[in-house]
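Encoded as structure tokens, the structure appears first; notes follow it.
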Amino acid sequence: MAAKRKPKLAVWKFASCDGCQLTLLDCEDELLAVADAVDLAYFPEATRAVLPGPYDVSLVEGSVTTAHDARRIQAVRKQSRLLVTIGACATSGGIQALRNFADVGDYARTVYAHPEFLDTLATSTPIADHVKVDFELRGCPIDKGQLVATLASLLRGRLPVLPDHSVCEECKRHGNVCVTVAHGTPCLGPVTVAGCGALCPKHTRGCYGCFGPAPTANPAALSARLAELGQSPGQIVHLYRGFNANAPAFRDESKRHEP
Amino acid sequence: MPQAASHGVPMLPRPFRIARARREIRNVFTWELVPDDGGPQLGFVPGQFNMLYLHGVGEVPISISGDPAGGALTHTIRAVGAVTDVLQKLRRDDSIGVRGPYGVGWPVVEAEGNDILIVAGGLGLAPLRPAIHHVLAHRERYGSVGIYYGARTPADILFRKELERWRGRFDLFVEVTVDAAERGWGGRVGVVPKLIDPKRHNFDPAHTVALLCGPEMMMRYSVEALERHGVDSRRIYVSMERNMHCAIGLCGHCQLGSEFICKDGPVFPFARLAPVFHLREL
Amino acid sequence: MSRRTIAVDTLARVEGEGALDLVIRDGKVAKADFRIFEPPRYFEAFLRGRDFREAPDITARICGICPVAYLMGACHAMESICEVRVDGPLRELRRLLYCGEWIESHVLHMFMLHLPDFLGYQDSIAMAREHGDLVRRGLRMKKIGNALMTLTGGREIHPVNVKVGGFYRLPETSELAAFVDDLAWGLEAAEQTVRDLAKLEFPEFEQDYHFLALRHPDEYAITEGRLVSNKGVDVSIPEYDTILTEHHVAHSNSLQSEFLEGQRAHLGPLARLKINHDRLTPRALQAAEAAGLAGGSNNPFKSLLARAVETVFAFEESLRIVEGWQRPAQPAVEVVPRAGTGSGCTEAPRGLCYHRYTLDDAGIIQDAKIVAPTSVNQRIIESDLARVAEANLDLDDEALKWRCEQAIRNYDPCISCSAHFLKLTVDRG
Amino acid sequence: MKLLQRDRFDDLLATLRESGYRVLGPRLRDGAVVHGEIGGSADLPAGWRDHQAPGEYRLEASDAPDLFGYVLAAQSWKAVLFPAERPLFHARRVDGRLSFSAAVPDATPRALLGVRPCERRAIEVQDAVLRDGPYPDDDYSARRAAVFTVVVNCTRAASTCFCTSQGSGPRAEAGFDLCLTELTDDGPHRFVIEAGSPAGERVLAALRLSDATGADREAVELGTARAAGMIGRRLRNAGLPEALKAAPEHPRWKQVAERCLNCGNCTQVCPTCFCVAVEDQPDLAGSDATRSRRWDSCFNPAHSYVAGGVIRNSTRSRYRQWLTHKLATWHDQFGHSGCVGCGRCITWCPVGIDITEEANAIRQEA
């Protein structure tokens, strides 16, 4: 069971904000235990040391937005026994996938004087669009508890058990008051997968879906309710077009409401 | 029913040690477990199951596959997923948690005086093995006894040596079939329900108790065959499987209509399940 | 003419991915390009058409290391357009949130990213084997910073509780008060850290920098003030564009900023200390004096010490806030959208971060511009690198590489913000 | 029956505290009435009115002095007696040997103040599942045994209530320690109070109250009758279990599944739903693990997962499980309905799906 050799952990970065890999460094209580349990074989944000592959577990942050990255992820996959994507960018394309709904040339011209210098694809895509992914951790950013649980489970030779249910259930378990029912606030909780601890409703705001769609999500039913609550089609589009805009359930629903 | 040895706290396992581990077939293995806390060995009735707990990995319901007359606590397990895959890697002397036994077993006592048919598919033979042991140990209390067993391929035949030993006895019949033969297989090819034949196997449908365990599809067609031959659905028993987190009627996961598989079953007279057995997604 | 090529594929312990091309010809540095190839993410573009209330959460995703800088920059800009002021306990709570980020980010950088260079370790984990107490102290300080962010912001990375006008939900007065003991401990731990770090050997490397930071009349500026430099610049935040202009250079996916004519601005803790040392809290000032940093320093390697001093400040300031804070009745000021252009500037841990937005009268964003501190510092990093390399040509390849990396880490460059992955090639042809 | 004047209400709270109970009751938080720690009557939501409708809940302040003028708190007492998450045991492995230590059941004495009659009934329904079966849940049993129940009868009802169909309210007859009815009309602000257990008698005795008059008793009748009269929802129970069980393929299931978010809110707020998931939390070092349970829901695919697939793999089949369990199969399992008519699943369903409407529709057409 417990391998005699310490497993090698690698952390890779694609287009992202670094927040998900920072989550690992934010595990102040567990970090030294992690370092005891695994070899941090490749983790540039934390160490200069580099151990050669193959790696037992690769954590991949970020989305694919350049041709170079599309090739690089293939190389990462080849060196990784288990590939775990971490965060909204890696699992759905992230906020930068908003470009998928627009003309990326326009975007580049808005920001850069010389877009011709840029090497960039028209889309931001999740890692799973490019290579096989063994497991995914959702969230923008990922949840520290889920990350530690994942590492602890992998060390024992199994994939972790993560919730497949909505944020609502988590919200109720925490004893929060439903912001939609009690205040009429638009909330993506009913269609978003649990994992964050129902943070937004806990702070009396609507969930913005940063953990992405729940496997059972029925966004059409939610949109109908949002419209009753006074949300315009444009607002509904923006609600789904957040940090997981490119996740199929959200993407398709947002398209249904495009003015 | 023997008492569950849970120290009054539900869902608390006891530590057991793997005294013997052997591979049966490709991804199926059998363990013999002994208590590791100085406490007594668990007693059970055929058809009951335990919850096996692997530290930090999880817990799974697994039927008891050993001889109810005594000896080590025996489980036969197929590696199919997150927990069982890790269980497969354990070795002799490794420690696991056990709680149980749970559930309603096979009606081996109630069935005395009747003919007994054991109808098993795949790993379904494991939960039936204690019943076979019991019946053979008290052979004189029963009429005809027979075993119909189906496996996918010859390589998937469980307890092969034991089946051969049983086949060698003159006081029961054993029919084994496979879905797909391989080279060198001289036996039957086909599905279990097709084997069922009172005349050929000399049992009296009016006084037969049939014990079924296997994939639901296989059980469904076997029940149909048995009923066609005149076995009353109140005397056809099936063992069911559903997701279980507690095994004691508290977690709600194993509900099938009105039944909790864990405490009302896993063994049911088919008549009781007949209204819901065929319903999809129940 | 000797030619040596050294390649460091990965510059480690920085936030993001970039590369450095160093070309050395005949003992002279011919070229020092600090390349950033963090792929472009087009934040300014997709902010167009979004509601002004969405800007804080969206722009926070520019950087997971200093999201508060973006949350606050966007809030301040929007509030200035809508002519709303967030004052009193709400302002204090924002300051507390920001202090939490300073603590978290500074301690991360000091203990986990920068200090291993000084002590000669590949990383803080290797360092922990011999300096376990030190690393554990750092982790505990960092955890307090994160806990402050969680208390005020809801979570440490990408806080959910910040909105234009204030907060969604206020913590209880008692929840803040409960931090007193931890903060008092942290304050002492930070002071001890200053003492410990002051004993390190710093490379001799004084430069004549043009430091730029926010300056506030009453406090060590974080979210408000004027843009002030040590060489006479003194302008208001909306005038940012008159002193710093962005341009896009070919070797990089980030936008670099041009500062005045022919000059390079230096942002971050050393700049703040230089310009605002007289605004430090008492114990932070003492710590700065004891470490010989009272008037700031022109040695970028001493940014490590400056961060330690600012960590003392952040703990001291947090302590003051939690001791006096009373929960107000409303978690936020009401904000009604207005058409106009406005800007917000705040001191991210690694330096000034600028936001400018134009809204229509429904509060829909028409235009957005965001300047991250690293895109300004990028140029100074390049000039430092050229000089550090030149001054250390006697070092062997490995040591030179390490020294160059350390020089980059002086700026705690958040390449995620400006763009990421530092690849260092030294061409000594 | 005794009479407790409003100005002595804090004496009741003090007596409960002196008897060793932590008092939990209704408070305002985030625009709703929720259960929390009660220090004094000032913590109670005096004058607040809740308006409940399918998918909608709003609080409104009024000048009325009543402490229990709201109808039903957002979540039920289930959260207290059967907490949403709880460790079961801790497992340690030293030198390859396992040892287990069970989590200690929580036997803190608690007084539940403001239990509505339907909620009182819901506690009995959970008793049958969690306490009175062959394998009692130790923590539930311990908490339950340490609880002092102060029922407050309903004199108002919400539009979502249907306790009258389920025989659970608006007035509690038995199964409480104390039962109060708050009276504000015709006379001073007062409570008619009656004991339903020896523990309740002791508290009453300590308070030295005067007897309720005939007029007070009549006011109780009138008040609770008024609540009954306000109830507009009805569940037609006769023959319902049979009808539901006979209608597994009814088209209505598919129709409701189109509106249903599959969010599980209904199961979480339901005071009788008891499903839990049991999970391991392993540590990083490999030596320790905690096994805990948390509320689960039949709306979650994992609820019916077996190796190879999810059995209830559509919202249609999951909604069917929820409604059929509550209103039909529960009878077979426990001899009574799994629904007490509190209406929470109707109010707190974000899209306002109404269990009575669905059940009545299926029954009608079955």
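Letters A, B, C and D mark the chains in the order given here, with residues in each chain numbered from 1 onward.
In the analysis below, a residue touches a chain if its C-beta (ideal position, glycine included) is under 8 Å from a C-beta of that chain, and two chains touch if they have at least 3 such contacts.
Small disclaimer: the values here were computed from a predicted structure and weren't measured.
Asker: Most central chain by CA mean?
Answerer: The most central chain, going by mean C-alpha position, is A.
Asker: What are the two chains with the most C-beta pairs touching?
Answerer: Of all chain pairs, the one joined by the most C-beta contacts is A-C.
Asker: Which chain has its C-alpha centre farthest away from the C-alpha centre of chain D?
Answerer: Computed centres place C farthest from chain D.
Asker: As a quick test, compute the distance in whole Å between the mean CA positions of chain A and chain B.
Answerer: Whole-Å distance between the two chain centres: 43.
Asker: Quick one: report the Å distance separating chain A from chain C, using the average Cα coordinate of each chain.
Answerer: 25
Asker: Please report how many Å separate the Cα centroid of chain C from that of chain D, as a whole number.
Answerer: 50
Asker: Please tell me the distance, in whole Å, between the geometric centres of chain B and chain D computed from their C-alpha atoms.
Answerer: Centre-to-centre distance between chain B and chain D: 40 Å.
Asker: Identify all positions of chain A at which a residue touches two or more other chains, and write them in rising order.
Answerer: Each of 152-153, 156, 161, 204 in chain A touches at least two other chains.
Asker: At least two other chains touched by the same residue of chain C: list those residues.
Answerer: 169
Asker: Two or more other chains touching the same residue: where does that happen in chain D?
Answerer: Expected reply: 30, 279-280, 282-283, 286, 302.
Asker: If I apply the definition of touch given earlier, which pairs of chains qualify?
Answerer: So the chains that touch one another pair up as A-B, A-C, A-D, B-D.
Asker: Of all residues in chain A, which touch chain B in the complex?
Answerer: My answer: residues 1, 152-153, 156-159, 161.
Asker: What does chain A use to touch chain C in their complex?
Answerer: 13-20, 22-23, 25-26, 28-29, 31-32, 35, 40, 44-50, 65-66, 69, 94-96, 98-99, 102, 104, 106-108, 110-114, 117-120, 124, 140-141, 196, 199-200, 202-205, 208, 210, 235, 238, 242-243
Asker: Can you name the residues of chain A that touch chain D in the complex?
Answerer: It comes out as residues 2, 30, 33-34, 36-37, 148-149, 151-153, 155-156, 161, 163-166, 168-169, 172-178, 180-184, 187, 189-191, 204, 214-218, 220-222, 224-225.
Asker: Given the complex with chain A, which residues does chain C contribute to the contact?
Answerer: 10-17, 38-46, 48, 50-51, 54, 57-58, 61-65, 67, 104, 108, 112-113, 116, 122-126, 128, 135-136, 139-140, 142-143, 146, 154-158, 160-161, 163, 167-169, 247-250, 252-253, 255, 402, 405, 414, 416, 420-421
Asker: Which part of chain B faces chain A closely enough to touch in the complex?
Answerer: 55-58, 82-83, 85-86, 89-90, 94
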